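Letters A, B, C and D mark the chains as written, and numbering starts fresh at 1 in each.
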Amino acid sequence: MQTLRMNAGLLSSFLEALKAFGTLVAPVERSPGVFALEAIDDVSQARPEALRTILPFKKLLLKPRFVMLERRQGQYGADGADNDLGPVVYFGAHSCDIHALRILDLLYLSDYVDPYYKRNRDRLTVVGYGCMPDGKCFCQSMDTSTIDKDFDMFLTPLDGRYLVTVNSARGDDIVRANQHLFQPATRRDVQEYLERLKEREKAFTLSLDVTDLPYVLELKKDDPVWEELGKKCLCCGSCSMVCPTCACFNVRDECPEEDSAQRVRTWDACLYREYALVAGGHNFRASRADRVKNRYYHKQEAFVREFGMPSCVGCGRCIENCPTGINVVEVFQYVRGEA
Amino acid sequence: MSPSGRNIVIPHLGRVEGHGGIFVKIVGNTVHEVNMDIFEGSRYYEALLKGKHFLEIQGIITRVCAICSASHTVAALTAIENALGVKQTERVHTLRGLLLLGATIESHALHVFALALPDFLGFDSVIGMASKYPGEVAFALKLKQLGNRIQELIGGRAIHPINTLVGGFGKLPGHRELQAIRSELQAALDPLMGAVDLVATLPVPGWAEQDTVYVALRPYEEAYRFRGVSICTSRGEEFPIESYRDVVREFTVEHSHAKHSALASGETYMVGSLARLKLWGHHLGGRAREAMGKLFPAGVQDNILLNNWAQLVELVHCVEHSIEVCDELLAMPEAPREMVDYEVRAGRGVGAIEVPRGTLFHEYELDAEGRVVSANVITPTAQNLANVERDMRTAVENVLAGGEQVDDSRLKLNLEMVARAYDPCISCSVHVTRLDGE
Amino acid sequence: MPNGNDKPKVGIFGLTGCAGDQLQILNCEDELVRLAGRMDIVDWVMARSGNDHTCRLDVAFVEGVVATERDLETLKEIRARAKTLVALGTCAVWGGLPAMHNEMSREVLQREVYNTHVQFLDTVEALPPTHFVPFELSLPGCPIERHEFLRVVNSVLSGTEPDLPRVPVCWECKVKENTCRVIHAQEVCCGAMTRGGCGARCPSHGVACSGCRGPVEEPNYDANITMFAGRGISWLEIARRMSNFSAPVWMTQGLEQEVRRESKR
Amino acid sequence: MSVSLPEQLPARSAPRKLATGVNPYAPAQARIMRVQDLTSEIRLFDLRFTDAALAESFNFRPGQFVELSVLGVGEGPFSLPSSPTRRGMFQLGIRRAGTLTNYLFDHVIEGDFVGIRGPLGNGFPVELFEGQDVLLVAGGLGMVPLRGLLHYLIDQRDRFGRVMLLYGTRTPDQVLFREELESLARRGDAEILLSVDNAQGKPWGGRVGVVTELLDQVSFDVTNTYAIACGPPVFYKFMLEKLVARGFGRHRIFLSLERRMECGIGKCGHCAVGYTFTCLHGPVFSYWDAINLPELIYT
């Protein structure tokens, strides 16, 4: 790891320089207060301080819908060419995003490696950006508010400059190719970083009590709270679509034209009715309450048992995007009988 | 076959939109009865509108008919905006104009090439026709597709637009998309003129000739336009749009779910491309003027079969004019959305526009909360129906007057050709209604 | 499906409706020419004359609602002729707009519209064909989406069942990263109750979904209504947006009562 | 005869490779060599990989499964009813249930090609069974995976103690592999008891009654026996507790779970029960592990 500083005025030169390493993708403002990750040409559009994009970076690794296998006029196509995004530089990753990336890596790169994921993952450059939480962030509670690995570079905004953390050989390549942009970090920079850190830790207003949560959930397995939530949930799947760690998918065969067949993979969510439906009509999670419960148990109970950490990074996207206002933090307060 | 009396029955007319049949009773050489029997079921949309909020009108009324959905949309929005006193911005006016042009390109391309021409070339469908005229058919389909693409771009969908709102548009087309459409339009002009040359060689039978009164809107500017400011007849009369009910008299007939219309004088009349060409053809310029010269070398004749040819002239005009409209839009700066603010108030408004099949009237009365008190829609096909029957009668009598033995299948084809020449839209025709005043 | 050299026989029919789904088939310009080589469209009144109205059909597509006795007869005839029957469009699957919720009775409607003493004895309350006869496949949409239609045809022609997505419009809306109409504009958006496949067309144009594709399986109406009401939207407004398509399915008892109460005030 | 089986790896381990290809989503081509009707709704397909080397080396554990697909139609998981002791060819017993399976019944004939990915899942821990008595209990289609295990045990008869099979179906014509089972019983390779819910007036030499009742017909030494159960949800509901009641420790009972699966390799999430992926950690679980899953096994 290497720590440098960069003048704030050089940000656009830095972004221009990043283009040499792949398609530059950054948050842009879609409509007032609504952000999305998009490939940008005009670097002034980048809004790295935006806390949440509607969809997280996961779309840069696996598209919401792509053709995995294909046959046209008897000829087989290259596997998953449709999902080949080429080298991408993802600018504006926050600490929670990078934690989520680790969770996806855990899923997709262990056991049978998902080749579609891996191809894009290997060519993904992650340039992080320090954020300030708002009322929907609870990464502090999930222990994901800081990050020390799994990124290439990280920019923390300080007064008039950035503290630049270089964390990979690729990050080092970027720095070496753009020596003129960086200087060694000073003691003052470090001091200011530490102050900012403190200020940031204080800025959190939302917190989720995770004390013994997996076991609390185990105890509350048959609690009426899940029925109540089932009544409220629209099962629109928005929370899963926007969640950086929700990674389920569906596979469906299609015949889009004569003499052509495709195996299409689309994002899926355990909240959809068909998710656990099998041939003959048996549905392992027929009731809405079971489906809602499953989402929370998967993230906060089962994943913890398997990997020793929850698969929620506290980014607040599901809170922001639930039309009916279901809020994870409130759900767990409710489960604990506190609200 | 007894020479003294025979019935010609076409139970289900093909290659027209909707469900209708034809019944003709002939005694000797005279026609005793002609019924265009429309058995399309009613969906009562206009009555269902009663009590609905004005923001719902467009989404409901557009579904009267798919082919005319963009036209109904623009007519409805115009009427509602008139009722509320909403002023269209220039961009909204221009975009709606382009939407109408797209709708006309699609509708005319479909009708001229896929529904009408097979008759003139001796096929029972465009699929059959494609075997002998693959290039022409392929081009016609491309053109129709282009009409759809324009509607998709402006209306958000080729059928039943969703982007069109009272006071504006949800999302405006970007310059890139407009530019792409423009270049395709440009490329379509030459092949379209090629089709004009082909059609100009086809003989048009004379058995459907008959003096006719034509009605069309006076364009809002000195040019060939589909939106107008007053109602004109080929006899030189002119009426304000708001008095359309006095000009167009509706009446119900026993044999049909659709109402018929006539002028106050009791005369039946024709609306549509031929009427527009007759009244405003002199405004045409450029390639459209050239096309008109080729297809109507002796001027606009009173022969309904020529309505197909008139549509072809209009196709050329629409393609040409769409290019100009694209240029106008490209000259305006890009913007994401355009909406004017307005207040809801009680009012009554009429919207009249020229659509592919003729003049379309929409009228709504709203209460202070914006709820529909009354609704009235008069479609071109309903206005034409009485004239269709009149033309069918003449056609049969003219053919029989030829003296030779004419078999039923020949008469049937002639009857169908007359009906099809009007490009009737039966779905629309059964929704003629007036809600108020028992 | 095809036996030997016989191409499958196909019929396309419209009952009472706007013909939008048939037009949408015609809008598959390029593909239609190719499809014409693989199947024999023997009965399609809208597009050809000289149709065979009696032969057996391998596949029949039916659009529109049953609104007359004659429609019902036609429907039963088609059912008897067809091996695979496909309901095309929201009208055919759910009833669509013609079955829209409105408190007026059929007789009143008739009087309102025709304003005369003409009697159309054969008109009946508009109901979807799926209410009367069994269908093998349903393809909703108002109108149907071209790509879905082509997938259905290609699947049926190659002897398999098409597997169309059954997720709600919100899926596509989120994937397109639209600004949510409910959250950011406080509008009644039917996306969460409506079956996707349209690419979230309306929200992508900045317009709330009106539910034109009909409901998903097991929509949570009550939660949706509560959500809209909780956002300060009036009951009338909720009813206004929710009662257009697939009614009366969408007009839950509770909502109807609230609307009555509110309009009295 | 003794065969070495693929190792049972712990889930979430170092990257591993699927026998049928580097891309675990891409199937290897296999040819349908023979099709036989087991019942009117269940067919037995004999398959062989087109790639000769793969055909010979394809090795799996009883209880593992493969994903079979026809591109453009669909893909689905199917257990292997054949035994790894018999190489070169493998079998699938498939019931008509939906899109893919309808297609297999209506359009696929001998000589056609299909795609296969596998072997998938953990399979039965057969090493545990050595020197022990093995009790197989099957209900309905659950006979399919157990038949592979049965062949495996019988082919290495001397390595195991008693081999017992209790198998129940609804009616006599739904008994899978009936002749084969009867001949195995006659040869004394295994103790086999069959039952049907209803004989429907057809000739039937077995018992009539639910399969759980067969348990009362046999005696066993529970400290020296492993029970392997496979069947539909209702079957588990009664059978598992009955086995416990007969004295089996929950860790001595193994079962194979069914869940919706799309990928078969622990990615798509559909088969997950909590964080346990039925396809990767299972489908074989001990009863003890299964009851500790956050959702009940038979719901």
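Keep this in mind: contacts are C-beta pairs under 8 Å (C-beta built on N, C-alpha and C of every residue); 3 or more make two chains touch, one makes a residue touch a chain.
Predicted, not measured: the structure shown is a model, and the values here were computed from it.
The fewest steps needed to get from subunit B to subunit D, moving only between touching chains, is 2. Top-ranked chain pair, ordered by C-beta pairs in contact, is B-C. Innermost chain of the displayed assembly, by C-alpha centre distance to the whole-protein C-alpha centre, is C.
Here the spacing of subunit B and subunit C, counted between their Cα centres, is 25 Å.
Centre-to-centre, using mean CA coordinates, subunit A is 38 Å away from subunit D.
Annotation: 43 Å between the Cα-based centres of subunit C and subunit D.
Remark: subunit A and subunit C have CA centroids separated by 37 Å (rounded to whole angstrom). Shared interface positions of subunit D, defined as residues touching 2 or more other chains, are 72-74.
In subunit A, the residues that touch at least two other chains are 252-255, 268. Across the assembly, subunit C contributes 158, 160, 163 as residues in contact with two or more other chains.
Chain pairs that touch one another: A-C, A-D, B-C, C-D. Those residues of subunit A whose C-beta lies close enough to touch subunit C in the complex are 30-31, 33-34, 36, 53-55, 64-65, 231-238, 241-242, 252-258, 266-269, 272-274, 288, 320-321, 323-325. Listed in rising order, the residues of subunit B touching subunit C in the complex are 12-19, 39-48, 50-53, 55-56, 59-60, 63-67, 69, 110, 114, 124-128, 130, 138, 141-142, 144-145, 148, 156-160, 162-163, 165, 170-171, 252, 254, 257, 259, 337, 416, 427, 431, 433-435, 438. In the complex of the two chains, the subunit C residues touching subunit B come out as 14-24, 26-27, 29-30, 33, 36, 41, 45-51, 53, 65-68, 70-71, 96-98, 100, 102, 104, 108-110, 112-116, 118, 120, 123, 126, 142-143, 201-202, 204-207, 210, 212, 237, 240, 244.
Those residues of subunit D whose C-beta lies close enough to touch subunit C in the complex are 72-74, 99, 102-103, 106-107.
For subunit C in complex with subunit A, the touching residues are 31, 34-35, 38, 147, 150-151, 154-155, 157-158, 160, 162-163, 165-168, 170-171, 174-175, 177, 179-180, 182-184, 189, 191-193, 216-218, 220, 222-224, 226-227, 230.
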